[in-house]
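Next come two complexes, and both contain subunit A; in the first it sits with subunit B, in the second with subunit C.
And then the complex of A and B:
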């Protein structure tokens, strides 16, 4: 009886795997780092990194939900950061952020329109835009970085957009919580969410029920672009400077966080809380390597191992839960 | 026969998939309140024809009229909005969604909350459960369970329940009794008759001429993308129609020549 209830729980909540992994890692890191990992300052840093990576991950998860993929988010993140900082010293940061978000929406629309109109695999299209926008960012900044002078970093608008801390946690983290809540409601409780998951589960069936498959995919790409550019804005606000390489390789981390969080790359099955927990796990591992003195170059290696084992574990768990 | 304006009128319909000529100059009328059996071998063009009617394929040439108005844009959403509901063999259900979510996919009931359109879960669960249980959904399966876990018959129950629940004008059934037990099959056939008696147009696609002959008012036979026979079940026996299918249209050509 208990076993069948657990199976039902696992079937309905794909994030259970990542929740168990997170708890185990938190316990392991706390016990083996002699207080260097589990302290208020370090946890605050981890949550700040989780905030930007998590927002980006939420967007990627939505695109994965439709059965597509967006690997251009690292570049969109960089473009968002650059546009924000360029304007933040000239106009109110809120308007600067809106411009950055607008650019993200345009990049998302660029990807979405190309994928849906040309029926080209999204992996190819977004690989192209990953390079196009990274190339633009590097070429336009010409090796220089943008920065905001210290005296301009304490305005309210700037602070709210990830520029400072509230209750010991970077304000970016509150944006992540709000973003997760809004998207969770949109995904689970609105017709748009129902159709998005249907498109990922079976585009042909969704189409036969009258769902506008192309529009749904396009909307997911746009939301993904917006979130990546907004994450770039928050990161730029936190650091106070940005250069052409900002966000490099973050697309891999975002996809890895999705996989860790129980999102199935074939589409139709995603967990937004799981994806955010995946981002938290990656930030925690990175931080653990730093505080224990392991060279950060090992991070990518560890990331790969974690993704492979998490994917295998998740598959095994799901098969078990489906067995009668 | 029926003298009123046909509910669906197809004139000289052609459909090409690249070099493949899937439908060849097909003309056929369908009236409200009749049950038409659409019969033919694999690859005859039956499913392709109904996929045009339900908006999945856009014809290469020819005209389709719905209720006297020419259809210019083909999309499943438009077909559903006009009241054409299709029960298809291979598509229609998303395995990853719950039964209730599949039932209402594309026409989800919403409750406004601060202007936001939120899914009306109570209605979705109650209505879908009540309708589908009539068609053989096990008691221990919840409408919140994913469709992935259902048997072939139960999957069909969801599709049929959906077609019955929404007030439609046309119900197209593509091999609706495949994967069903004998009792379930009888139930589906009774249902097709009930829908016809309520004044709906029912198009019933099958391989089994004997099964559909008992139900249908008229039988349309297709072969190689062409309509080769269109006859009332009162004037032609199932055996004669089977012979037409076996001969592949030659018998009709001979008869017409005479």
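And then the complex of A and C:
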């Protein structure tokens, strides 16, 4: 009876798999790291990394939900960070953040319009924009960096935008929680959310029922760009530093987090809490390898291996839940 | 002069402390020191540091050292690694101050928690009192590295007079690399040459393309200063393909690089590179650990920065340096020769 209830729960909630994996990893990391992993400071660091990666992941999950993909988010993150920090020393950081977010929306619109108007696969378009905006980030900085000295980063605006901690947790994490809540409401309780998943499930079917497929896809790309640029803003505010390399390879981590979190790459089924948990798992694994002193030569290899095992574990759990 | 006096004072302190090491070795306290570096496994200089840490552990068996590094010259990743290392509450941290603005918050937190910090390889460039309150800095003077190499090139009467000098850098945020370029700039501009700093990236294809475009647009360039030794063969290759005669002679382009790495030494020996420098990388791994140890065991706090270089390496002393570096790298010496 209990077994069948658990199976039903796993089938209905795609994020159950990643939740179980997260709990297992937290337990494993706690027991095997002699207190180096499970302490307030480190958890705070992991949550800060989860905040920026998680915000980016939420956007990618929405695009995946429509059956498309956005691999340009790492570059959008970098552009957001650079625009924010360049303006933050000239105008109030809140307005600088709005400009960065505006730039993210434009990049998202650029991707979305090209994908929907030209019918070119989103992988190709966003691969191009990944390079375009990374190149632009390097060109804008002339290969160098922007930074704001530590003593000039003590204002309220910097603090609220990820520049400091509240209750021991970087303020960026609260933005992630807020972003998750807003998007969950939008996805579950508004027509836009229903249409987004309908488009990913079957664009033709959704179109036949009057859903404006192109507009929904475009909106997902714009939200994705906004979230990636905002994540870059939070990271730049925390570091007080931004260069052309900011966000490099984060696009792959965001996609991995989505997959770990139960998002189906073909579209139609996503889990936003699962995607955030996926980001948490990736940040936790990375942190565990560091605190246990893994040599740099093995770092990427082990991280990849753990991601593969975590994904296989999730798949096994799902198969088990589908068995009678 | 002040720097030389400071360095001598630091050496004197080291010498005075040496007799105490027997006492220190008998300590029953166990320590864990972590080096959080920007020099990853894709940079041959990592070998100097990891080997010196191994030697340190042999001398002090009660100390465990760890070497953590980024592999992609990312300040964002470096700061994250640093914060995660601080969370493990080590007994000491050695870290290069790649960006003062980005590293100040986590390092001040570490110091407030009672974790002693030694800066190595790159210092906080601000004056004492304003800078991050680390114990000391152990490393080369990056400005002097560029300046001495520039002055060395100018002192060679058999070489072309510099018209335009380009400083090719792979890490846009690295304060130390900027200082190297600044030293070279001051030396070369004093001799009437034009000077420019060029970001080429650490990725070979991008670096070659960038350099090629620059040399095409600025055909009067006759000196290339690569601020990493592994990018010297890329610069030489591009100049050679363009027919710019990049070997060390009285015509064409002349290449200057940094570090006593196998690739730099092999370049000098083959006549491709004019000169390089040694900034005492081995000491930059060993000495921070020793100061962290003495801080815990004996309460020592160095009263000045500890300079470990630069020394110019050229065709005159190449054989001596090759022997020394072969001893460190072993078989890997020839494997790292990418000429």
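In this text, the second predicted complex is superposed on the first by the 295 of 324 C-alpha atoms of A that agree within 3 Å, B and C clash if a C-alpha of one lies under 4 Å from a C-alpha of the other, contacts with A are read in each partner's own complex, and residues count from 1 in each chain.
By definition in this document, a contact is a pair of C-beta atoms (placed from the backbone, for glycine too) under 8 Å apart; a residue touches a chain by one contact, two chains touch by 3 or more.
Here the structure is a predicted model, which is why all the values come from computation and not from measurement.
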Superpose on subunit A as described above, then tell me if subunit B and subunit C fit or clash. fit
Larger contact residue set on subunit A - subunit B or subunit C: C
Write the angle, vertex at the C-alpha centre of subunit A, between the C-alpha centres of subunit B and subunit C, to the nearest 10 degrees. 150
According to the stated criteria, A:197 is in contact with first (subunit B), second (subunit C), both, or neither; which is it? first
First (subunit B), second (subunit C), both or neither: which does A:189 touch? first
Could you look at A:157 and tell me whether it touches subunit B, subunit C, both or neither (first, second, both, neither)? neither
Between subunit B and subunit C, whom does A:244 touch in the aligned arrangement: first, second, both, or neither? second
Touch check for A:30: first (subunit B), second (subunit C), both, or neither? neither
Closest CA approach of subunit B to subunit C after superposing, in angstrom, is 38
Subunit A-facing residues of subunit B, complex: 54-56, 75-81, 86, 88, 90-97, 101-102, 104-108, 110, 116-119, 144, 146, 148-149
So in the complex, which bits of subunit A are touching subunit C? 36-37, 39, 41-42, 45, 48-49, 138, 141-145, 147-150, 235, 239-241, 243-249, 286-287, 290-291, 293, 295-297, 299-300
Subunit C residues within the subunit A interface of the complex: 34, 40-41, 46, 66-76, 79-81, 83-89, 99-102, 104-105, 108, 169, 172-173, 198-199, 201
Complex interface listing, subunit A residues touching subunit B: 11-12, 185, 189-191, 194-195, 197-198, 200-202, 204-212, 268-269, 322
